[in-house]
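In what follows, a structure is listed as structure tokens, so that the remarks can point back to it.
In order of appearance the chains are A, B, C, D, E and F, and numbering begins at 1 in each one.
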Amino acid sequence: MSVTEKILKLGLPKGSLQDSTLDLFAKAGFHFSVKSRSYFPSIDDDELEAILIRAQEMAHYVELGAFDVGLTGKDWIIETDADVVEVSDLVYSKASMRPVRWVLAVPESSSIQSVQDLEGKHIATEVVNIAKKYLEKHGVSAHVEFSWGATEVKPPELVDAIVEVTETGSSLRANKLRIVDVLLESNTKLIANKDSWNDPWKREKIENMAMLLQGAINAQGKVGLKMNAPRASLDSIIGIIPALRQPTIAHLADENWVALEVIVEEQVVRSVIPELKRAGAEGIFEYNISKLID
Amino acid sequence: MSVTEKILKLGLPKGSLQDSTLDLFAKAGFHFSVKSRSYFPSIDDDELEAILIRAQEMAHYVELGAFDVGLTGKDWIIETDADVVEVSDLVYSKASMRPVRWVLAVPESSSIQSVQDLEGKHIATEVVNIAKKYLEKHGVSAHVEFSWGATEVKPPELVDAIVEVTETGSSLRANKLRIVDVLLESNTKLIANKDSWNDPWKREKIENMAMLLQGAINAQGKVGLKMNAPRASLDSIIGIIPALRQPTIAHLADENWVALEVIVEEQVVRSVIPELKRAGAEGIFEYNISKLID
Amino acid sequence: MSVTEKILKLGLPKGSLQDSTLDLFAKAGFHFSVKSRSYFPSIDDDELEAILIRAQEMAHYVELGAFDVGLTGKDWIIETDADVVEVSDLVYSKASMRPVRWVLAVPESSSIQSVQDLEGKHIATEVVNIAKKYLEKHGVSAHVEFSWGATEVKPPELVDAIVEVTETGSSLRANKLRIVDVLLESNTKLIANKDSWNDPWKREKIENMAMLLQGAINAQGKVGLKMNAPRASLDSIIGIIPALRQPTIAHLADENWVALEVIVEEQVVRSVIPELKRAGAEGIFEYNISKLID
Amino acid sequence: MSVTEKILKLGLPKGSLQDSTLDLFAKAGFHFSVKSRSYFPSIDDDELEAILIRAQEMAHYVELGAFDVGLTGKDWIIETDADVVEVSDLVYSKASMRPVRWVLAVPESSSIQSVQDLEGKHIATEVVNIAKKYLEKHGVSAHVEFSWGATEVKPPELVDAIVEVTETGSSLRANKLRIVDVLLESNTKLIANKDSWNDPWKREKIENMAMLLQGAINAQGKVGLKMNAPRASLDSIIGIIPALRQPTIAHLADENWVALEVIVEEQVVRSVIPELKRAGAEGIFEYNISKLID
Amino acid sequence: MSVTEKILKLGLPKGSLQDSTLDLFAKAGFHFSVKSRSYFPSIDDDELEAILIRAQEMAHYVELGAFDVGLTGKDWIIETDADVVEVSDLVYSKASMRPVRWVLAVPESSSIQSVQDLEGKHIATEVVNIAKKYLEKHGVSAHVEFSWGATEVKPPELVDAIVEVTETGSSLRANKLRIVDVLLESNTKLIANKDSWNDPWKREKIENMAMLLQGAINAQGKVGLKMNAPRASLDSIIGIIPALRQPTIAHLADENWVALEVIVEEQVVRSVIPELKRAGAEGIFEYNISKLID
Amino acid sequence: MSVTEKILKLGLPKGSLQDSTLDLFAKAGFHFSVKSRSYFPSIDDDELEAILIRAQEMAHYVELGAFDVGLTGKDWIIETDADVVEVSDLVYSKASMRPVRWVLAVPESSSIQSVQDLEGKHIATEVVNIAKKYLEKHGVSAHVEFSWGATEVKPPELVDAIVEVTETGSSLRANKLRIVDVLLESNTKLIANKDSWNDPWKREKIENMAMLLQGAINAQGKVGLKMNAPRASLDSIIGIIPALRQPTIAHLADENWVALEVIVEEQVVRSVIPELKRAGAEGIFEYNISKLID
């Protein structure tokens, strides 16, 4: 392979995921800078080239080989029926750690109670293929229309039902829609072109990227805790800590005490710290971490 | 017809045209108010109901009868092959009074020189049907892919050519693209559902709306001019004025003078005023008008 | 009176009404300029001095004579029981021309159906005195608590009912509250101190200000219309126009035509113009006016 | 106690303290999310329910039991004479670590020199009860008027003196006011309802919350320092460090050196680091901590 | 002269005057559009080309012939000692209609009382040549240093005195500076290159531009007034109106009344309207004008 | 030396460097707070006084002794020929770690190929002295004109060439300019007045400040890494780490493992972590540091 071929082409999702994606890459050690209105981020790694495109068309261009690797949702891989390698799941959406769901929804007051009631109805959606397969599977014949946006305001004025994505359901509720069925759960994935995956240099580069992205995601909900513990209480204190690994132990000048350090889930800290203090720990402090690779 | 049926359902374009459209309706005398993030503007006319939807899907929903009347581009009427009544042209886009054009564009350095060179190539566009018909007409077989956005940054990395809309060509130039051919010129149109057009009450309401919208558009590039003129120079002064209609003439206390009033194109004022002053007119002043119905 | 005493002290409402108030004064011919965060607007009239204070305390300071004249709501005059001269009503709120209402509201699901059901309950409001008098009038004993803000989110968690101001009721609906009774309708008023009103110089200054403010308000919903009319159709055309006064008539060079000019309500224009055109009027145009004193 | 009763109702201060309060809770491990214009933050703890209300009315609603626990200032507890448990002081205001002061202020040029000079004067303030008690204590009779805002611009045009809150005095200086006396110092407090405090489950929940909030406040002005020290200089280096606790000591491969780690006040670092380096420490680095519980 | 030479090159001031300048040109009938961060406005007149540059260097480039015509202050013409034609004064600054002044200012507490006290002192200014000539004229020797900005904060820390521009003096007061002397009054001017002025085609183009710019400035403080007047009161009503020219008179259907129309100074309207109404005028309305050429 | 003399006067650069400079000082432990539009930051160190002035005039005022110490570019020290002590280089500009360059640039299509072609030409620049010396050194005579801004848009309309500063060259390319020569490379420097440098108290204060600023800069591109390593693989793992110093080693409860901690360059982390993991390290995590003094 020639020197000039040692380039990995990366597709990044433009739009609502863009900022959190670039933020995730930065935490993973890849610092992109994007000029306002530009689609070509620059990056401090001569072996990487990136383009920002819509998540909806990512899988298509990874399949064609325009990108070696890209980030998109499982939903759009299915919708575009793209033949790509799914390298890893990346769950970093800010609003919630839960996957998004594509649901069939109708007006609260609609008489439609199940997919069977859709016969002959009009349905608006961004995922026309997914919706059509779903109807076909249930033996229902209906009009599926591509929706250019604001799908959730269309029923009942413009259509009878929609197939729409939701995280918490709050936008559906605000538009007085009722969920009838769930078609699909989806989350972000790192995907690779099949030929790129078979190229050893590209594959190692992609695997390292996947490891570092995962390390940055892992670190998001974790913190470091340090404390001084009386030797006499060491076992009971260790018993309290729901550590991901066993704690590090360091000396203090006073031999009756030791210093402990552990990485824990951030959300347990508010219950663990009061217990640790009651068990005799002192000088307990918490700090943030930016990557965690187990 | 029952009283409750005396409602005209109006589709307004969401997005880049929204503000200028609502502004135009306000000038025409229809004052909508839109709450942030709402798609249902309220209006001070009990016989009107409006919804904001994307221009791309307007013609479809007017054809289905979800709307009686709507605003969209000629391009999207053709793309969606919708069977609707084209009531009138509305040329009010702020950037330019020229119609927009859908063009075939390729990288400046591309070897593609005409539609014939597209054989087997990849083409990205928002108007898949228009592009396919164009290729078919020229006997060319190529891959036409729907583009979800940022079409102009795709060549040459992702596709070979694009079919994209342009007003001034500046975005194409900024992306180093060259125009190969023009597929279509387009401007905004007021369109009506065929059944609504046959309903006398709805038709009069639509025609009045068209007249008032056109009146507001007419007024945009026009101003009123008033001046005092010596009776002796009246003919030569009238000769200078490129009036849309004959001037109004009013008295002054001094019988040797008269007052003239005319509506003229705003863009001729800067050449006409110096001439009028040299011809003897005095106290020339200009004022703005908000509607003009000839 | 000495020259230096010829100063009229004016209180302007700080807060949500501030911009529309200063805008109204500008239309009336009084151009205030307010530096960011300053409470002392400067004005191009050496006989005027203005301070911005909350509408709630305006009537109190006008009564005390700290201001000669001020703008506030009828509601706050009543709440503070201030002894002032009510010079004129000023209806210029942007959201609606309707007066605001102070209403008794409870949660939609509350068992409270009338004022009688408030016995022993907790009520939050900004207008403690108005609420207490209302309860007293109905012989009900309840806890009325002053609310520092966000009154409409308090039921049912913090209180049982509220007395709150509303224009359209939309904020009440958004908080799932039901209106039980209306205590008071209110609009903005120009009020004067009693001694100032008895001073001839101040009174003329206040009356002129009232006339000009009213003139600016009058102009807001009116427009000027001009058109050319065939002499033969003059009567029928004049019959169509719902003019506030009889139209002005001017000559045209062509003696078979005359020019008409009238001031009409802006909201009738959209129905009148189509009629005028059908009746033979030509060159109809509309222009805006900035003051109208009948 | 049933499962459904295990809910702690928390009042959070709406307004200028809101962002710093939610930020403090986040550092303490309680992550609220507040939708724009909502008063009901959601929280990742099923045992907590929160409402945002003005600090002025917090103590009243904690006393009534509408909240189990809340944050407000000592000033408003006194002003509303609320009977609540003061759980702990929370000094986290961003502008300054000093408590705020309520002061009696008059125009720089006023003849008022002490509280005795207020006899018969007009005084504007938000804390009417505190002001009245202060005057009563000094045997002075004056008019105390509730001020709806912008109190500091009122003298001398509208009132003779004010009782107003100040942190640095800069707003008073900008309005050319002079401080005559200090009525009260105040800081934020965590307060609890008396019945809630007697409920063991609620009390432990409140005490844990107080501990974690205090831990987050403690961490704000502290940093961690690590360095390598020659064994020979260990004692002199430890002597330099104004550590909150004794340093942690860890090994290096080179046995002549040890690694030290301590938590210190951030503001001493700029004087300590140069000394440490001169005393032989190497590889000194500083890191941030997010909680510190001694 | 060839067709291609029929271009007038225009220099427009970049910076604080830019928006008001482009606004003035628009009112005069020249509609420039400036893309964000561009220095080359486009214009709807094929005979005009414009560049935005700093007012400080305008006169220099007009003298060199890089521009045929430009706008800058009299101050910078003097400072750069440029040999140009001063076509007309353009007084359109928003903050005030008064010319700006370049003043010698010192700290309020400085012992410097007159230019004579500057001997040996340090003076910071943007107009080094004007300051040096001023000192020379008074026989004083001092250090004049070019100031790159924020001149008014430099005394007394960095320099003893400044020569600085001021409109209202408020920035000087805010920095506690005292004005010792006025060196120069200045306002905006339209200037032309000497050769361009001698070219008949360019000269007429420049003179027309000057006339239209002046027309737009004239219109800013003027309004149109119309009213109906009883024939019996016509003379007394005309006597009240401080018209720039004699009023236009038009008929009404009722022969006892006439319609009057005049252009007046906007600032007299608030005193004239009450008088007109008292004299019997009815249906008085005011409208705005956009150009006025006497 | 008296107590009142123990003040160090510090000049900070106003403008584009301001935010990053104050941010750097904060990281170094000096927390300035700047009110909007103020030039006098306050600081939590009674021995420091700071003023914000333009970098262009900093060296001049440090030389005069108005400041004891200041930050500016090497370019402006040379341009103003100031006689100051250069204490240290501070490379903290955000856009790039490379020094900026002052270059001679001409339009892409210009015939100018080297400095020799500038004879008789017009050159615009902010660094008039540097440009003149450069021309003199090459024996070329040309017109060097001070440019007040937007230098890069002047060729070819207004001048033939420019001497302008550039970091990445992108602004030059956007204006279609070609670099002919590089006159100077420059970066930010901490400079001191010569007398201040000879004062022992001031010198120690300046040297400590330099050490802490450098410590903050050092920390920007570094992170801490911790991991657990099997004793058996310790040597190979240490061999992988490009540590700035030898790692700290701590115990774990399990004697077959040890904990390692090192500070490394952030940009090597993305290649080191995958290697460490393959070599057997576990529980690898990364954290940020805020100062690093070697």
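The rule we apply is simple: a residue touches a chain if its C-beta (ideal position, glycine included) is under 8 Å from a C-beta of that chain, and two chains touch if they have at least 3 such contacts.
These figures come from a predicted structure and were not determined experimentally.
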Furthest chain, CA centroid comparison against subunit D: B
Separation of subunit B from subunit C, taking each centre as the mean of its C-alpha atoms, in whole Å: 37
Where subunit C and subunit F are represented by their mean Cα positions, the distance between them in whole Å: 58
In subunit B, residues with contacts to at least two other chains: 250, 287-288
Touch-based graph of the chains, sorted into line, ring, star, complete or other: other
All touching chain pairs, where touch follows the definition stated at the start: A-B, A-D, A-F, B-C, B-E, C-D, C-E, D-F, E-F
Complex contacts: residues of subunit E adjacent to subunit B: 28-30, 44-45, 207-208, 211-212, 215, 219, 222, 224, 238, 244-250, 261, 263, 287-294
Of subunit F, residues touching subunit A in the complex: 223, 226, 228, 250-254, 259, 266-267, 269-271, 273-274, 277, 282-288
Residue ranges of subunit E in contact with subunit F within the complex: 14, 39-40, 51-54, 56-57, 60-61, 64, 66, 122, 145, 147-150, 153-154, 157-158
